[in-house]
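This structure is in structure tokens; I'll ask about it shortly.
Note that the chains are named A, B, C, D and E in the order they appear, and that numbering of residues resets to 1 at the start of each chain.
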């Protein structure tokens, strides 16, 4: 059993020899589609961590909750799970608003430094994530859920791709663009960015920092849950699977740089492309390891992330 | 008119301010002098509702009690603070900083008008609206900070050591600008180390020592006062 | 370890004061009392006791690094898993005691590499990286198992009685305490207190802060790996999913924080009540453990922000008629 | 590049530091003789503090080199520089808040140029405290100290490593006139004891009374050098520093 | 109550509570401890395969009045413990079941590693360890080490061999070619199956044209499927786990992977998998022979536990409990050693037919099943002499 199957390496390399422009294009498209998925996972956390400055470890559970919402809607109505966005998003917004007001504000008030707040919020939201898992296990059971909606091929450059992934990529692009425009072109968005950049000065220009942070946190939660709805169309999930998403989102947010939504988008796509390239060109077994190595390299070369601000 | 009556602030058991009463009206410059750690910054922060709330006394703006209001509400009453660290948004552009200044509801209607006024005061800001404030020099940042405060259409401007870290040549320019702002009808409450130049443009002044007001008089009289000369003018 | 005591001496130095001798004596007595536990209890109570000493060792070794540096390390599971794997891989080849050492060495090497690479980055980045470390090691491990065609799970067959596990872990805990005490008295400890106060001042005082942190990280991680080696035979079978379980990392942190990170013995105060509480929940509400555990986490964060040691010190201060609450942190 | 003189304690040659495209310090060269007190003056943003940070190792120069008694210390990092014998104070006083006054001072004497430990360290730190006028404050908590006393502690901490060169970065800033006199007297005392010091200051009369020699910087370059009296009389200096109306 | 007193009281209760419970011994019931993951990575599998059979069994035994012992009937009481997918917790849970709750029986825990980790604890307290959720090639040596260990399961190799035999038959009859693409999840059972499979593929005359692993928790299987597809295999074999079993199927469906045989391992037997469009004619680990009794079992399972039983573990789990019940009633007491001695060498009639455990390892399992018309039919097995397996169909369509 210890002996290695002879001939395996040679066979594998033959696949690589046949690489062509077409298959390189393939990597790019698969990578982009995956990047769209990652952007959906990470965008909400960016708002919560970048603006509201709360490292929310229960973020993945909110995503799973959104996915369950879509699943149950689909099961009950047989209509497109995308319609469930209409109630999942407002619910998630309200829930996260409440979490911020009830659980986070006391931490913000009592902590004397950003570092202490970070530690407190990591632990509190970790506890919260357990709480959510407990509730979801009780409500939905612990089994795997998978309903493969729109699991049919679409053709791009003659290659087949999952329609659900393409749809969610489209939604992700729209969401990213909308968030970017909102943050950069509206007064409310500017106010959120101001809080992100310098919360203590935001009060000086009549921004209610607590409210603005609550808004960002709630918005982040809503975006995350929306991501959950979209991802549920093609990912298998269960009540305690959220931590996988949280970890991925954390890596993307930090890779891109805290407080800059462009960074998150770029990092999501870089990661998607890198993972796909590694999976296709080197070995699928190393995809997740590659993600961490990439993360480590960026930290070494540019600790503040691709788009991040240098901390003084 | 902005008025503090018997304002006290404690840090734990340490008394930073005790029974400080001071006032300022529109169109005048009032300077508060005091050594390091006398409590000058604490006083401004207490008035503006920043972190340290007043533990005793009242703060009135045009007769309304604003003592325990949060900072974002105090701005709406027409009191704008430029703290010692400037309170600007270093990672946003000049233009965005100024727009943010006009975030208070009271200032939104006047945004265009105020913008014009600020750019007239600081022509240098007009040249580079898209520059990130982080990349600017100390003097330019101070302009952004004061400009940002002016955008909120304040009646009273609170400035915490605006000359700190500025070279003498920039200091002179700054005080000239402050005089012009005053002439436009805004009251300026100035906390300063630079006694000589601030007394030169001020109408009145207070002396703060160890959390207490130990003197109050017209600027001209203070400038001649022997005690002031010894303690703050180094003569 | 970082609360000021207004004594006009530089803490540390070669001479051991009378107070320290007394502390040492008390510690030895407590240790001896703890060593008698397996002679008195057995079965389930012994299992709980083993849990307590294991987590005491984990939390105290975690504190060695995270206490003075304020870096929240979430990589206990990574080093623990390494220790287990080294033991499992070599159990049929070399004597078990050698493996315990080898586990420590393997952990130290990994810690050195990781530490040199990441301890330059600050706070939150380190937290996330450390959290990802267990995952990274696990991925590399499983991929290696595929490539080299070995089995995924490894059997560890060393005969040890339950009391033996207890004594081994207790002895290790004692060693960790000794090391912690020694660090506190050494130049390294003094350097760490300075770093904890102000890192900029520290470098300009000539302290190689990166090296100090790496050394500490290595010491702390080595112990976590050794715990892995000590516990591996008890599990009997080692596989990646359970050896690198990230929950362990969080559990250790929450226990240490519950106890308080200002004192070397702080984690002990957290480990004992938390383990008992955990058992209570598991027994009374086996179906809702996750939910209730989440609530306990929240409760600890909100109700006991400075841990039990913080609570005790506040009470102590108040009794001494001193400082108003909260002023301590000002 | 100027030749190094044997007695030179510190020398900088062609020192340049760029942040992005902006040159904060450009091609600075200067020497510092043993037991000399050198003043570094100039308007804000002229690069004085950058020079201090380059010497103390807090910043790495883009080019140029710094030597300490002929030993190249360019870019070796702040802790190494401290070990080689350069000690500094900070523009805004930095205390170790959770440590006693004595420990604050001792912190400077364990890891730097001179390394002491145990009883020897304690005695030495106590001696330094006495030297800066805080003989009885050793057990106090630093937060209880006044501003000037905190400055004294910081000075004692810098001295604890027996530095070959002492860097004082606006050490007098923020003191009121009475305190200022105390501060100047303290540095005067160090000078008479034969310390080698570089001072960055805005307080002109301190510069006049303390410095053997002055370097004036403006926009990152050296614009004048000489005795305080000479440079302060220089027209160019006055224009750059005090503004046209004073010229 | 003053705060300090309150704290004292709380602390005392917390410390004493575990031991207080021990004192309350119930005599009228037969307590069965069931330890498994309710949270963590293994929870989804346990929620389908591990806990429900016990619930169904207890429900049915109690419906007929309980277990018939010499001193009267005893109702079965199930006590479930969550091990959080962590071995130390599993060890403690078993210990708790044995010493605190004083269970009359403790079921084998969930997953191979956990059974091994808890084996010494079972042995120490004299509890036989009858387990279904333990698949390994090390069975004989484990049994030798722990005489109370009974595997109601077969070896890893049996499953790999079963799958490869099915493919070999297809190849030998000329229905498919000899090229096979094999992927596996980089974890535990997946790696073991892959390692067991490689030499077997060679022996069966297959050429492995693609052989890679992918990590647990991969989010996109498109690259894996596309790369496998590029190697033009005739058959695709995934030694997979539930989340990736689903993910690979979805990716294969989109890619319309052109293989005539598609196999995936764990999770293929979940009812949920059969419900996914495109699962028709997919091969997987497990399967059962379609009988009215089995159909009735699935119906009862759903009614009682609200969970769909799977087509691999569930029927065997239930059969294992039938064996247990028959043994207990035959012995007539709660003497665990006697019960174990009883089922050690006897044949039992169960849901899956007549079974026994020679060498303490089950003599028969269904190794390969295929989804056909909403039922996961057994197409291969081991030890079922003369069983009429369903004919294997080729995978012709993904819709």
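One rule holds for everything that comes next: a contact is a pair of C-beta atoms (placed from the backbone, for glycine too) under 8 Å apart; a residue touches a chain by one contact, two chains touch by 3 or more.
For clarity, every value in this text was computed on a predicted model and none was experimentally measured.
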Check: Compared with chain A, which chain's mean CA position is the farthest off?
Finding: D
Next item on the list: Please name the chain that ends up farthest from chain B once chain centres are defined by their CA atoms averaged.
Entry: E
Notebook entry, point to check: How many angstrom between the C-alpha centroids of chain E and chain D?
Noted result: 73
Notebook entry, point to check: CA centre of chain A versus CA centre of chain C: separation in Å?
Noted result: 31
Check: When the centre of a chain is set as the mean of its C-alpha atoms, what distance in Å lies between chain A and chain B?
Finding: 43
Item checked: Inter-centroid spacing, chain E versus chain C (mean Cα positions, whole Å) -> 36
Margin query: Among all residues of chain E, which ones touch two or more of the remaining chains?
Written below: 38-41, 186, 195, 198, 213, 215
Next item on the list: Give me the residues of chain A that touch two or more other chains.
Entry: 1, 5, 133-134, 137, 240, 283, 285-286, 288-289
Check: Mind pulling up the chain A residues that touch chain E in the complex?
Finding: 1, 5, 7-8, 11-12, 14-15, 18, 23, 26-27, 30, 33-34, 37-38, 133-134, 137, 141-148, 151-153, 160-163, 165, 234-241, 244, 248, 275-276, 279-280, 283-289
Check: Which positions of chain B touch chain A when the two form their complex?
Finding: 48-51, 70-73, 75-76, 80-83, 87-92, 96, 99-101, 103-105, 148-149, 152
Note to self: Per the contact definition, I'd like the list of chain C residues that touch chain A in the complex.
What the structure shows: 70, 72, 117-118, 120-125, 127-129, 131-133, 135-136, 139-140, 142-143, 146-151, 246, 250, 253-254, 257, 288-298, 300-302, 305, 329
Check: How about chain A: which of its residues touch chain B in the complex?
Finding: 187, 190-191, 193-194, 197-198, 200-209, 259, 309
Notebook entry, point to check: In the complex formed with chain C, which residues of chain E make contact?
Noted result: 11, 14-15, 17-19, 21-22, 38-42, 79-82, 84-89, 91-93, 95-96, 98-100, 112-114, 116-117, 119-120, 124-125, 136, 138, 145, 184, 186-192, 194-195, 198, 213, 215-216
